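So, here come the structures, one by one.
Here come two complexes built around chain A, the first alongside chain B, the second alongside chain C.
Entry: the complex of A and B
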């Protein structure tokens, strides 16, 4: 008897082996990028992110928390309860908090004000645990509700423009024992780390690339990654200290990448190797 | 002060005041960004917030625009002076150990237990093609295939090879000595690798017996 997760793992191994074989055999005739594109195509057959979208939608409607309320009155920037199109316009300024917020920090606000959860406690919870895994599922569903739409972050408010400027400075900030900044890997065309293509994030990298590809399900570790987790792991690889969940630097980077991605079509939730 | 100059000075002051009312000046944003970085990160394992304290090279290379000629020269001169040359003039180690180091991307992240160089990899293939037998290589840095051969290194102890050998050691120890804003980590200077590990990487690149120079 095969357990469903074993079957998924087996499928992953088979696809990975097929990719390696095709990379080795087709080295002369097919580029590495083609091989990877083929592998991604195979993965699209069934994106486990759908499970997280379903969970997120149910969580949005469910009465939960100390106040036993749903999130259906949460304002993601387009009015209370409007989910469609919200993701491609975030981070943005919110008058009630007086801050520029990305999707995940805005969800913390709504979970605290509407449902009575402690936002600071959730921010401190490791990814994938407790309410933090619910935030990821909610973010996956909300982002997925803008699938096929183009990024168009508002820049009308002075704080939105300031967030972009701060994000740009964070993007180029070099530090840590290896002197890396985001720009080290994401400011030149056609670069790779090992076989991984790197999107250029100082401009619109194209539909479904860079900022327009997250949240995404990662096959290699079987995890659903939100934008906050994507940034967190970038900073780990940059050998930086640990970025606070929904900290100002992470939100400002979202503003910078999101504004730069203007016009790019969101494919979230995507699937990654 | 004549009247025209006084008028110009007044206009200038007015422009600055008006600028402040609409958007913070670039220098103000620079300060706000630094404060934001300090406030947004915390210690985790070996990765402490001290890592956000920038030295001159990091600070100079943290903008879209390259630093001034004077700052560039200062960074390069200070970096060159910081290079520790190999004890006993022994530049080359074992290319096999070098290949293992070049393959490994481990080290210095918050999930790594120790920052000791002995546990770190060189991460070379992340950014460079080195031995062609390895097809999984990055392209942020230039290809290093045939590194020694292309530079005419047939015998590393030959005085004719000295300049290339010394440059390569210097580049591995402190890449900023030759290019202030190089993307390459400063392996010796930042204690990412120890002297013996750098010798092994030197051998991978320069030893005529290394597969890189086939």
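Entry: the complex of A and C
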């Protein structure tokens, strides 16, 4: 007849050895996510997003458009010409236009008012063509100027809170032939599409994840992707009709994700496979 | 004219590590556009690296190199303040040359 304490001791040994075994297995198998993280680390050294940053910076200072003016007087929310820290506080409400704007819609406003471009015309241009590729380069440089800073979107104005609520509605809105919503993929831990881990966007997904990782350079197609293009492709993947460039729905989604990402460190421009 | 390259050259021991990012479409000539027409091949063919005016590396590239290519190599004996020049010529004869100082 065994003593009760003997049984306890045996159990402890069994548990301990089981733990050791699982530790050993954990050390051997590298998860797919680790592999992708390693690949990204290797690519970071030569992130072609740098080329777009350089282009964006030059464009900001260059006199262009029908009015032959630079964008240096553009107010991104922190005063005319202030670029550093602007990205981590957008979308936000602008008194002059009377609406909440994200970085790209704000750039359209500045390009129209300062340089004399036709904003509606640019918004209709497909991504990567003409002035649209300039908007992407500008957004890349401006976002890159806030690298390492934490997201802290203002929610003081009623319109900003309305934009957040609107974004939340859009995020959970199910529709399309597959009855998808953003939340279908982005509201649970451990979800992925093929080999890509999906960030949970209903809360802060962590530093440099989700909203804090864009704009990013996509290695697979060699394109620079801004947040507007990222959202546009999310709509495509859901088989939704394409949203208008810089439309209220896309800005509201930006507000929702940006406010949720409060405190997350921006690593933009990032590099994606 | 082609967009500028980004060149970084840093001393590491008795050599300098040079990292170059080039801005180029690098079309293979295998792709078709939305109208079904072949997109003509357009890629960097020759790459030359010079250290203080002396050629230290040449490379022949083809359509298999990615868009916006990244190139990294070491230059033995390069010191702080030395000049590194990278030049490329593509199959259309377009050229680009950029310089960086070793730091």
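The rule we apply is simple: the second predicted complex is superposed on the first by the 245 of 273 C-alpha atoms of A that agree within 3 Å, B and C clash if a C-alpha of one lies under 4 Å from a C-alpha of the other, contacts with A are read in each partner's own complex, and residues count from 1 in each chain.
Keep this in mind: a residue touches a chain if its C-beta (ideal position, glycine included) is under 8 Å from a C-beta of that chain, and two chains touch if they have at least 3 such contacts.
Predicted, not measured: the structure shown is a model, and the values here were computed from it.
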Original post:
Which chain, chain B or chain C, is in touch with more residues of chain A?
Top reply: B
**OP:** Based on the superposed arrangement, let me know which partner A:222 touches: chain B (first), chain C (second), both, or neither?
**Re:** second
Original post:
What is the contact status of A:46 with respect to chain B (first) and chain C (second): first, second, both, or neither?
Top reply: second
Original post:
With the two structures laid over each other on chain A, which partner does A:95 touch: chain B (first), chain C (second), both, or neither?
Top reply: neither
Original post:
Should A:252 be classified as contacting the first partner (chain B), the second (chain C), both, or neither?
Top reply: first
**OP:** In the overlay, answer first, second, both or neither for which of chain B and chain C A:55 touches.
**Re:** second
Subject >> Intersection of the chain A residues that touch chain B with those that touch chain C >> reply: none
Original post:
Which part of chain C faces chain A closely enough to touch in the complex?
Top reply: 3-4, 6, 19, 21, 23, 26, 66-68, 70, 72
Subject >> Touching residues (chain side chain A, partner chain C) in the complex >> reply: 45-48, 50-51, 54-55, 219, 222
Subject >> Residue ranges of chain A touching chain B (in the complex, touch as defined) >> reply: 23-24, 27, 32, 158, 161-162, 165-166, 168-170, 172-181, 183-185, 188, 190-196, 198, 202, 235-237, 239-244, 247-250, 252
Subject >> chain A-touching residues of chain B, taken from the complex the two chains share >> reply: 22-24, 29-30, 32-33, 36-37, 39-44, 47-49, 51-54, 57-59, 61-64, 108-111, 115, 125-127, 135-140, 176, 183, 185-186, 190-192
